[in-house]
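Each remark here refers to the structure printed beneath this line.
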Amino acid sequence: MEKAFMRRLAEPKLENPIFVQGLPGFGNVGRIAAHLLIKFCDAKPFAELYSPSFPDYVSIDGKGICSLPRYEFYYVPVVKNNLVIMTGEIQPSFDDVVAHYEVCEDVIDFVETLGCHFIVTMGGIPIAEDKAQVYIAATSSRLANEFMEKGAVIYSKGRIVGGTGLTLAIAKERKLDGVSLLGTTTGFRADREAGFLVFKFLMSALGKEIKEGLVENNAPEEQ
Amino acid sequence: MEKAFMRRLAEPKLENPIFVQGLPGFGNVGRIAAHLLIKFCDAKPFAELYSPSFPDYVSIDGKGICSLPRYEFYYVPVVKNNLVIMTGEIQPSFDDVVAHYEVCEDVIDFVETLGCHFIVTMGGIPIAEDKAQVYIAATSSRLANEFMEKGAVIYSKGRIVGGTGLTLAIAKERKLDGVSLLGTTTGFRADREAGFLVFKFLMSALGKEIKEGLVENNAPEEQ
Amino acid sequence: MEKAFMRRLAEPKLENPIFVQGLPGFGNVGRIAAHLLIKFCDAKPFAELYSPSFPDYVSIDGKGICSLPRYEFYYVPVVKNNLVIMTGEIQPSFDDVVAHYEVCEDVIDFVETLGCHFIVTMGGIPIAEDKAQVYIAATSSRLANEFMEKGAVIYSKGRIVGGTGLTLAIAKERKLDGVSLLGTTTGFRADREAGFLVFKFLMSALGKEIKEGLVENNAPEEQ
Amino acid sequence: MEKAFMRRLAEPKLENPIFVQGLPGFGNVGRIAAHLLIKFCDAKPFAELYSPSFPDYVSIDGKGICSLPRYEFYYVPVVKNNLVIMTGEIQPSFDDVVAHYEVCEDVIDFVETLGCHFIVTMGGIPIAEDKAQVYIAATSSRLANEFMEKGAVIYSKGRIVGGTGLTLAIAKERKLDGVSLLGTTTGFRADREAGFLVFKFLMSALGKEIKEGLVENNAPEEQ
């Protein structure tokens, strides 16, 4: 494995899907929001990304089975605007900058082949005071304003570290549209409230388009 | 040496061999178990793997001769299920994640050309309390259960760092069968007891198949 | 983005331009001097360099729009000896030495295609005592002496870290002429005075050639 | 400069030359010994190795001229067994293991094209007590014993870090003969005495072969 590779588990038919990504990071906000989304939408796994830049430990599941670190892709089949959701237990090391760029490119390459034109990355931003809020960064000021009207605060003059920012900025280079939804969090420990807030915001923001799919599902369980 | 390379010292005829790996790590458990196995089985060296990702120091032996860091492959010729044993003084740096993946791939590539279909990696896992035990992780729940019946404890929800985990997980990606035998150890210092326990467990687990070869040898000497 | 890439925003006609580079570093002297130069000359952006070796965070502007880290190239159209000015918010990590060489080569490759034969890199050098001074290093002793006569002190037996030194030394390998202008600074914090001093020195040193272009502009604003 | 490159300054005729390397390291012993050898033999520079793995700072000489970090090769033309001497101000970072292997391979590649069959690397080894001594490691026990008879102590069960060890061990892989001469040193500061001891030992060990060239020169100056 000198290069990352994508393993396909299924070949779902997807129409103009929205791509939503939630990885570990500050307060694990992005990953928690992605898990809530997967459960709520009853999303199904259909692809896995492996990379030699992922950490060199393996995880053992409850049955004793080992697995390489990976990003997992899920899909939600609905009538209009299907969802593709990506999450994982890991990110490339923050030291390995080139790996970070490459993996984000691999993700964008893949979702472009699926027909995704809109990207949502979810993450946390650390704040000193405890004020629950969703911040927004976007590929255009039109989009930033649109999400601001939905209740987010523009993350003006900020920085987004790791995959949450890179995936969005690389998407912008490719002329894709997208936003980062950033939940405020006071700590590095898993922050379920912030994750839920980001999830709720995304649900509400994308509400119309995926409503039909969601009503078939039950209420969200907190992870 | 821009890439790893394999130097062959001999071309033993091997039939359906089992591959057993023991590298340095927690308590040096894997390396000690591999050395016990090599001595007990009177295994012969037949190949060496060199890699630019191995540490950049060289070792001098008792006669003043220098050598590059390397993995050493030994074989045990028996009637059925030959053994191929790999050990070494070093692993790639834990910082160089990509190197770790590549070297483990190189190892699997090589043992696949030898006809190996079953992989055993041996290592240590750190525990706080001093309880001698062998834990098991596997490429399938069938195998995990099989070794559990032989006395190992399933390493549920655990993590295995370095080559001990990676080689197994990459083997699984290649559709090979395999297990990790993990001896509990309380320290980072060489833990001969844990190494011996893993060695004994492996002997007993593989007992029938390699019995014929082993009875020709003497009792194991502790390293 | 496995490799750096250059995005062209415009295709200005440039005649025998001088290349001036100012990147972050000690006291941010180089970057501040480059910004003063850009403002003073009313320089226009015409190209951007992106690299997977740049830091893996993205910056959000005042409107909430994200951008990948990049080097920005500006040009000043004047009758003789056009200027090409490069600056950026970042440099590759000081740990990633190979990346540093590659990015500096990419910069030189690009400015050579623009017809640049003379390179000026601007930066800071840390000193204990507070004495404002511009030091000079060059690709030849003739040039070092020439700038010494203009008031700079030869940076004898010194070292220049990062892109400020590498770009100059790689230019020398390519048989290009060039100098480093190094402003003394006592701290790592942005040192506007040192930046202004380097800017003023460069203005005076290159005075004749770019005078015609500069008189069309206003007085410099401090950044 | 994605790869290292060799710049030739001259094309001396060399017959069966011995290659002697002295790089920075413990007590700078190797570099000091190489400089003494260069001065004593009045060796002439004929090649330079540049590498993107060398540190990303540049050095300025007394005239203000910048230079990329490099290894410098000198030759001593004598009737029999010419000498090729390599030294430099730097080594690749100890963190960048792969770079270290590559650069040492580049060095061996080059000196093999020059016809070198015998390699001498010089360096220091840190000791607690202050006892001046030259240790020896070699590519064969015959050579180790030969140099032991000349007064060196076998560096039994030791380790040699960096280029001093790697160049020798890679030479051994290529079936070249060679030795490491290791001067004991108590500190990391430049240890001129240890450097001089290693230089003297090498002079005496190679005495006969290069005598003719050396008598043309003056007494060594300490660097």
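Letters A, B, C and D name the chains as they come in the text, with residue numbers starting at 1 for each one.
Here is the rule we use: contacts are C-beta pairs under 8 Å (C-beta built on N, C-alpha and C of every residue); 3 or more make two chains touch, one makes a residue touch a chain.
Keep in mind that this is a model prediction, so the values were computed, not measured.
Both chain B and chain C are touched by A, D.
The pairing of chain A with chain C is characterised as different-residue: of all residue numbers used at this interface, under half are used by both copies.
Rounded to a multiple of 5, the Cα-based rotation taking chain A onto chain B is 90 degrees. Of all chains, D has its CA centroid at the greatest distance from the CA centroid of chain A. Chain centres here are Cα means. That of chain C falls 38 Å from that of chain D. Taking each chain's centre as the average of its CA atoms, chain A and chain D sit 53 Å apart.
Contact with two or more other chains is made by residues 95 of chain A.
Viewed as a contact network, the protein chains form a single closed ring in which every chain touches exactly two others. Every pair of chains meeting the contact definition is listed here: A-B, A-C, B-D, C-D. The part of chain B that touches chain A in the complex is made up of residues 94-95, 97-98, 100-102, 105, 136-141, 144-145, 148, 154-162, 165-166, 168-170, 172-173, 180. The touching residues of chain D, when paired with chain C in their complex, are 1-2, 50, 52-68, 92-93, 95-96, 99.
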